[in-house]
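Letters A, B and C mark the chains in the order given here, with residues in each chain numbered from 1 onward.
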Amino acid sequence: MIRAFILALLMPLAVQADTMRMAVTTSFNNSGLADVLLPAIEADTGLQVQLLVVGTGQALRLGAAGDVDAVLVHSRTAEEAFVAEGSGTHRREIMYNDFVVVGPVDDPAGASDAATAADALTRISETAAPFVSRGDDSGTHKAELRLWDSAGIAPEGDWYRPVGAGMGAALNTAAGMGAYVLSDRASWLNFGNKDGMAIAFQGDPVLFNQYAYLPVNPAKHDHVKAEAAARLEDWLVSPKAQALIDGYRIAGEQLFTFNAQR
Amino acid sequence: MVSALPLHLEAATLRRRGRVLVGPVDLSLDARDGGVTVVIGPNGSGKTSLLRMMHGLQRAEGQVRWALPADEARQRQAYVFQQPIVLRRSVLANLAFPLRLRGVPRPAAFAQAEEQAARFGLTGLLRQAAPSLSGGETQRLALARALITQPEILFADEPCAALDGSATREIEARLVEAAQSTRLVMATHDMGQARRIASEVVFLLHGKVHETGPAGAFFAGPKTEAAAAFLRGDIVE
Amino acid sequence: MDDLIAGLAAAFRLIVTADPELIEISIRSLQVTLTAVAIGCLLGLPLGAWLAVRRFRWRRGVIATLNALIGLPPVVVGLVVYLMLSRSGPFGVLGLLFTPTAMIIAQVIIVTPLVASIAHQAMRELWAEYHDLLISMNATKTQRILTLLIDGRRALLLAALAGFGRAIGEVGAIMIVGGNIDGATRVLTTAIALETGRGDFALALGLGIVLIVLSLLISGASHWAMRTERQGRW
């Protein structure tokens, strides 16, 4: 027993390879794309990228505190503020995916007949069909609030349920309640508990979701691995990355569209 | 050789929550080898309290003065409690314990412990857990352990209480043997035992030393009425 | 019901195929928890014994604080350690955030008060029993504490077990300070939280079963060690 303790104490707990840390959003990680990209990154650049999977708000805060070397998120205004305050050196758009409105298969609000995203949300609020909101200040949550705003609705009442949780947990809650929920397509396709739920609305360009890569500013935090972050950026905009991103499929569907400027 | 004795008590008093348990006591213990001081008195008269006070287990008022500094003096004493305390270890480890505390290396301490066990008839019990010993065996272990450091002075608080005749005689024999080289202070209820081994008597009553003197004179003709009554077996109030 | 059966099947598959990721996560879980418990015992056991043996002015206060610390919500511990270790926090230069070391630090803080408190209870009883003897034999303070620790080792083993139980199943604090990084700081509990979040109940349940089996094994082993000890020489 004692010997085991001592051994455990002496054993190095983490191998120090050429590593860097990147904060990414839950939705990106849940898409499964990371599982395809990370091995390729390691093979091509020798970089071991450690992902911190958090909400957009926390991801940017981790970058601002210098606890990660780069950030990959999808919330344009917050990203621009991040660069403006000097926490990041610049913002580089990489790819986009889109949001979908998920709801009960029988679609009580008739959202599938809507012409626009705003119209779909209006129908939900008018029928007071239950709607689960992330309520966690994430990029998805912010996108949802922008949509309500464009529909001219202030969502309030018993039918509107902010859960303050990640995408998977929000989908779980919605499935349990028979509620509508705004989800990124990737999280939805990867979600294992789809029983009784289906996409109620999709395709409106306002639902597109732009991902951007932001290296943390080494002038603010001198320990930041700026060289590694630059190497990762070069890879992310490479044709190899483009092929992997555009080629990624779940259940035969393409999730992400590469749109980086070289 | 320097000695912890003589021990002088001057107006020594033990108090607990305002109540005097024993004292004030004025008493001297000289360095005479082979001396056996027997402390007698009715239940609750303060025998245990007196022994504990002398040994320094409780802080006393007045003076409890050894010929050596308190810490060095303690190192030359041993105590056998009225309710024997054994460690939750084997008999062997219990015997070796005082030596180990004094820094004797383990093999040497264990070898000495085995010799001591042989002297006290504990050899067959060496590997047994001490808390599982019988009452008599426990008393024997406690005495053997107390004597393993060859103390200059041994306090024994009713070491034969609750033992049958043969066990009592056996413990008594060990005590007499030990008294060859150790000053012995023993509390007892057994007047026969007191007569057999005492060289000096302290008779306690209501927490005070009521009468004290050489054993021969005391048992032949106690000076106080209470002591006489106690020796007769009367109830002493 | 289906989820439960699927979970059992997934767990079975993971174990039988000796899934490398599962093994890596389990070993890391054990490494972090055992290290934290070992350090927690190194600190908590002597502290508990010391509190039982020494009378000093702030003793009651320290004991009360200890008992209050047991109820400390792990997420709060995690948050505080996070803020301390963050690059913009006071210990940021150490670069420990999101490493197993950070997880160990958080768990040590969670485990130590529990271990110390249980040790204190046990040591207090033993000390009441041994007090007169140890004073009479002129044992030094260190010797007194050592004697209590050695003779009370069964109770101390239970204290360590309780600490282990609390640490191995803990998720809030290590999620925050470890970051649940795949291949670096992902342990059983955080992996379960992740899989549940993804709606992958089968895998989550599978990992949960592994976790339960693991802690049953360890506690069984300790009980076994305790019994053989009792039959032997004490």
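Observations, loosely collected:
As a convention for this text, a contact is a pair of C-beta atoms (placed from the backbone, for glycine too) under 8 Å apart; a residue touches a chain by one contact, two chains touch by 3 or more.
Treat the numbers as computed from the prediction; the structure is a model and nothing was measured.
Chain nearest the geometric middle of the protein is C, using mean C-alpha positions. Of all chain pairs, the one joined by the greatest number of contacting C-beta pairs is A-C.
For subunit B, the chain with the farthest CA centroid is A. Each chain gets a centre from the mean of its Cα atoms; for subunit B and subunit C, those two points are 47 Å apart. A separation of 34 Å divides the Cα centre of subunit A from that of subunit C. Here the spacing of subunit A and subunit B, counted between their Cα centres, is 80 Å. Residues 126, 129-130, 132-133, 135-139, 143, 147, 151, 233-234 of subunit C are the ones that touch subunit B when the two sit in their complex. On the side of subunit A, the complex with subunit C involves touching residues 1, 4-6, 8-9, 11, 13-14, 19, 21, 26, 30, 48, 50-53, 64-67, 166-169, 171-172, 190-193, 221, 223. On subunit B, the positions that touch subunit C within their shared complex are 55, 57, 71, 74-75, 77-79, 81, 85, 87-90, 93, 97-98, 101, 127, 129.
If you check the complex, the residues on subunit C that touch subunit A are 28, 30-32, 34-35, 38, 86-88, 92, 95, 97-101, 104, 179-184, 194, 196-202, 222, 225.
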